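Below, subunit A partners subunit B and then partners subunit C, in two separate complexes.
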Partner chain A sequence: MADNTTSSAPMTRAERRLQKRMKRFDNPWMNPKLIWGVCLLLGIVGLGLLGRLLWNLDLVFTGSAPLKLPPVGFENLRRQEGVWDYPLGTDGSGRDLLALIVMGAPNSLWVGLLASLIGMSTGIILGFTAGFVGGRTDDVIRVLSDVMITIPPLLILVVFQAAYGDVSLAMMSLLIAGFLWQSPTRLIRAQVLSMRESGYVQMARLSGASTSHIMFREMLPNLVPYLFGSFIANVTTAIVTAVGLEVLGLGPQRIPTLGRTIYEAINAGALIQNLWWWWGIPTVLLAVMFIGLLMINLGLDEVSNPRLRRLS
Partner chain B sequence: MGRIPSSYLINRLITLGLTIWIAATLIWIIPRLSPIDPAEVALGRMAAGAGAVEGADAILEELRRQMGIDQPLLVQYFKYLGGVLVFDFGLSTATFPTPVSSLIMQALPWTLGLMILSLIITFVIGNLLGALMVWDRSPNLVKVAIPAAMVFTSIPPILSGLLLMWIFSAQLRWFPLTGAYGLNVEPGWSWDFAQSVMYHGFLPALSIVVVTFGFWALGMRGLMITVQGEDYVKLAEAKGLRPRYILYRYMIRNAILPQITAFALKIGLLVAGQVLVERIFAYNGMGKLLYDAILDQDFPVIQGISYVIILMTAVSVFLVDLVYPFIDPRIRHERA
Partner chain C sequence: MTDKPILTLKDVSIEFPTPSGIVQAVKNLSLTVNPGIKVGFIGESGSGKTTTALSIMQMLESPGRVSTGEILLGEAQTKVLDLNEEEMRKTRLSRVSYIPQGAMNSLNPVMRVQNQMWDAVVAHEGKTDLNELQRRSDAALESVGLPARVGRLYPHELSGGMKQRVCIALGVILTPELIIADEPTSALDVVTQRHVMQTLTEVQAKIGCGLILIGHDMGLMAQSVDQLAVLKDGVLVEHGSTRQIIENPQHPYTKELISSVPLVGGESFLSPAVSAPASQKEGPDALLEFRDVSKVYGDVTALHAMSFALQGDTPQIISIVGQSGSGKSTMGSLMLGFNHPSTGQVLYEGKDVARLSPSQSLDFRKNVQAVFQDPYACFNPFYRVDHALKFPFKQFGLSKSEAHTQQAMEDACHAVGLDPDLILRRYPHQLSGGQRQRLIVARALMLSPKLLIADEPVSMVDASLRATILKNIYDLKDKHGISILYITHDLATAYHVSDYVIVLYHGRIAEAGPPKEVIGDPKHPYTQLLIDSIPWPDMNRAWGTARGDEVEHMLEGSDGPATVFRGEIEGFGLKTGAA
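The block that comes next holds the complex of A and B.
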């Protein structure tokens, strides 16, 4: 944007707006994409929290409500109208959809965050170890991450869950995390290798800083935007994998999840019976979750890559 | 292929071999650790069918012998590895005497066809749109409409599949709800059959395309922004080359290369997504086979499908790694 600043002619409206927006971009963390993304995710967390306080969660049990009622303001094929007792309608086994999503939506997000956090921590440790220790250790970690990055997590997890049946949310997160450490490991290893030779690290070494000081105080802060980006991308992958398992009928069997609700809807022929609220509401919530994560990721890209901070 | 140094080739081959071995081992170990006994599952199925089973203990023994699970674990493991190398996964337990490999061979062409088609479409459309988003001369509509459409790209194809299926199959009835071809056509090399396949494949392919093209478009956009500032683009403009020529031969040609690497790393996730799309569309591919196998607790089939898909992924990554230096002459095969 250097070419604007030298012109002495009065600025057009577009230019003024541009300048104003560029000022707002001075703090890269305050970009609209990031804020929107965070708001969407907070909305889902808020739904879970408020719902738990305000809504009757006993309606999540089978048979606690009439079957296949539509949301308020709609009519189902049996000419029943939605009632305010079950504002989002009910499913084929008499569960209130609002109660289902209040319980289920935070679960999906929780699996994603937990799995990504575990994967990330493993990746940070392995990446730094590989970059710093070098030699045999580096070879093993590098080859292992090269190998594991090509294996689709869903397929191994299908085998696992088909063999074990029911799993808890935490167990599922742990299993998914087993496939999420590779890309942070590779990213950090590459960065550590290039940073090791940089001036400030040499300086820290010469002044007698300990290895852990160099790793965590000198190098890690530079990696934060990348790590955030990688973290969010992994949250998305984890949720996609978890939902995939649930839609195949695997995953936790006794806890309501959005994926399992969709699985039950498809199996009950909700598409043909036009029970759109049954599968549609979980689908929309998941979509909101993914869109929020994407926005955060795009926002973080702008933080770490200033070249993207242009207006088009 | 004379230009590939053998050390590089050996290195990639070792990675490929390791990938396949680790995947095969994981798939084998996981069910072994589980408390579920496949012989008892099979017996349970028999009992469910017949009401009661006489001499259950003897049958269990015999089933264990047939499945080979009475032998020491190490023997079982090496037998399994040997079988896997020649695509022998044993017999399906749900449709008992059918070999797993023949079930997979029936489903594989459908999955491969759908996959290749949707991958090519998304890769081309996505990269082109990504490039146009950055290009100075593209119409404003492109610059406004595409970023808006991009919002959908984070959604997994199973969700878009549900939505498209509801709108176009259940509500409008423009497309069929299930299957890969109509019941009234005979599979074969006829025009009717081809038409039916295309008609049935359109929605599954579309639901993959609408949500994956954005990944490529986004990546391409980032790369194009970098390329745009390069001196050779400025020089080409100064020389007065046609803008379109600059776009294709100078900008896209250089920006597309890292996308191909991303392609290799993404294949696995794309295949997994497609398996789920096939399941909801009841498309005659691996996804449906996998889903049925999960319902029936048919372990040999689940293992076989997982193994074949992982193998496909690993081989594609290997091929991309090998071909890459031919596409990008700046990269040499030296890096081990």
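The block that comes next holds the complex of A and C.
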């Protein structure tokens, strides 16, 4: 860079920007989008952890606090002021909102991660099987995933959840995962088909490698960028689906989640009574979560695809 | 026509800013091109030849830029670097046209060829009458020797050579003052290459424009251009008339480039060992045997029935020569057991390759190894390169300890002329194509197989390195007693390395025998055509005869003339047709 500055003494703004961009080019992982996204998600996890240590979680039970108190510094319609005992206010059945989100926010994230993990694992196994075994197996898997893609997941899930009644978080993740494996399956199958003919896989076959070695040691590492991106996108989908179900009043009945809090707020007429903190705070947290995930996805895209971080 | 140069490069430097500092791609290059003159830019990949050509059209890839110097174009002496975007757009194609390297990818697959040509005219001359457009595109196609009906076809309906000629037609439709052809024939086989080069030079002579031909093949340059500019690391090391440079090269790099082109007949670049080592073969069965093997893909017969047996008692190199589509790579994959024959059997030491037990299969894999065409694809980008050497060594149970593996890898690297300390711990993308291909040879050496299938091992490597790598491969036979099947389209190298040559044409054996007979004095018309088409760095040889078409036509008619057998050698028997 030194010779650049000597040739023209004062750098133009464009040149300085170019220089800054090139520094970033040096280490792809120092991607600002990625870092921001990770920080936002860690914030949610941190809220859950610190909250459990520092806050009284018994306040999530009905009637443990006065009703409909506003956050500190605000007044509700009854002219009651917010108090520090319940800094984010309370809901219509006397539950502390801070305790609710300390419990609920990590739960929503957890459902998303777990569902995505199960979906991806299924997708990896089916995708590799289809791509590698081929023939009849491939046909079955391909047709199955194509058919599943055309079915609207929310419709089926509403029926399922309504039939089950109260479900656990893990059960809900499993149900959602049933609609997340199709696109990774297709993606991996396509990649495996093209990688099968690549030079290094032929080289590995020449080296007497077993099928499982070729699958997991030669092919899978090269799929990592795709898998990461797909994983994060699936987490987002899973959370959207989970929250959607919860806002409809389905999903876990006894475990606080962000979606359930919003459902209760809507049900109790919080919008009319101007109890904005009741539905507003969970919504903001969900927004933070989605923005964080989006940032990570964009960041990972740039890390794994150098063409997107072109210098100009 | 005036004597004013059509292109003047004055002291041009081109640089690319990168995170680790500025890379000077081209340094202080000065050159002129006169009208009607063909100038060749020759150099290895990365020598700045394409970069220079692109700068003439302001098409340098960002963030590259011309840091000093000026470029004057045409009789009007336009300063190209001062043109704005719109003026430059009008200049491209109408005054400087560019014929790209991969014609296959340069045409829009969803548009008819003539519509793409009309686009070019309309973009420069505004709305034009449809009849006029049709007339212009037909004329342009005719000028490159294609019938006007080709214009109504889509790119996928054309062969590689035809597509390249369509690209030339597109380049000359606006009669530019300068044509830049960037390795226009690198993806074509020798016969088509000659045809395309003929077309290009004819068209250029007709228009009377300047031509810059970019390439790395000294033979091709000698046969087709008037002046040569030799580039090395962005510096113009030698410039002059082609005859002067070929016959009396001054710079050592130029000499190296000229000597790297193997000649049929000429002096061998190999030095055979005095005493060849014995083969590692055990048992009485032939090392590799084809028994009435044929291969059919759908309606296409890739390989007609043939039988041969390679005894392998003494190590030998058998060359299989042919154009793309001749079935030579099919033979390679049959031998490796990646594909199974439609009829007949492939036998390895008397055992059918398609029916091996797991332990036999491991033994087969250990003893039959391969070097593939594309050194860029052969390494898993996820691992350091030593993975490709270490893994099979352990897999075949050759490794006694970690230190033993390390030692074996280092020895193999030394044997192919690589420094293990610099190479082994790197990632594939950090190595050049030549280094990677040598590592693959080192891998084969480490495993010491009985048979090596070398499928076009040097066709994707820079010309100056080809001889070295072939030498490495030859050493495998000469010093380590490995029999080799050398699959190639390059008759000149086959002439030097092999003990026996098989020329394939459309899945049939055209001619077979010892190289001195088959290549030195070909009897089959197809072999003759192939040999005529090889460009040599010899100014006195007439390369551009138009005989190619007739011979090809004659060959296409029926099944072609019968196979010509030109003698036998010990340890290798061959016959065609079903037994």
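Here is the rule we use: the second predicted complex is superposed on the first by the 297 of 312 C-alpha atoms of A that agree within 3 Å, B and C clash if a C-alpha of one lies under 4 Å from a C-alpha of the other, contacts with A are read in each partner's own complex, and residues count from 1 in each chain.
Simple rule for what comes next: a residue touches a chain if its C-beta (ideal position, glycine included) is under 8 Å from a C-beta of that chain, and two chains touch if they have at least 3 such contacts.
Everything quoted here is computed from the prediction, not taken from an experiment.
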Which partner does A:P221 contact after superposing on A: first (subunit B), second (subunit C), both, neither?
second
Touch check for A:L293: first (subunit B), second (subunit C), both, or neither?
first
With both complexes overlaid on chain A, does A:M203 touch subunit B (first), subunit C (second), both or neither?
second
Looking at the overlay, does A:A14 come into contact with subunit B only (first), subunit C only (second), both, or neither?
neither
Subunit B versus subunit C as contact partner of A:L53, first or second or both or neither:
neither
Superposed model, subunit A: greater residue contact from subunit B or subunit C:
B
On subunit A, positions contacted by subunit B and by subunit C
310, 312
What residues on subunit C touch subunit A, complex-wise?
17-19, 21-22, 62-63, 336, 338, 361-362, 365-366, 369-370, 372, 374, 376-383, 388, 391-392, 395-396, 440
Note which residues of subunit B are touching subunit A in the complex, please.
14-15, 18-19, 22-23, 26-27, 30-31, 33-34, 36, 133-134, 143, 150-156, 158-159, 162-163, 165-166, 169-171, 177, 218, 222, 225-226, 229, 265, 267-269, 271-273, 275-276, 279-280, 290-291, 293-295, 297, 299, 302-303, 305-306, 309-310, 313-314, 317
The answer for subunit A against subunit C in the complex is residues 1-4, 18, 22-23, 25-26, 198-200, 202-209, 218, 221-222, 310-312
So in the complex, which bits of subunit A are touching subunit B?
143, 146-156, 158-160, 162-165, 236-237, 240-241, 243-244, 247-250, 262, 266, 271-272, 274, 276, 279-280, 283, 286-287, 290-291, 293-294, 298, 301, 305, 307-308, 310, 312
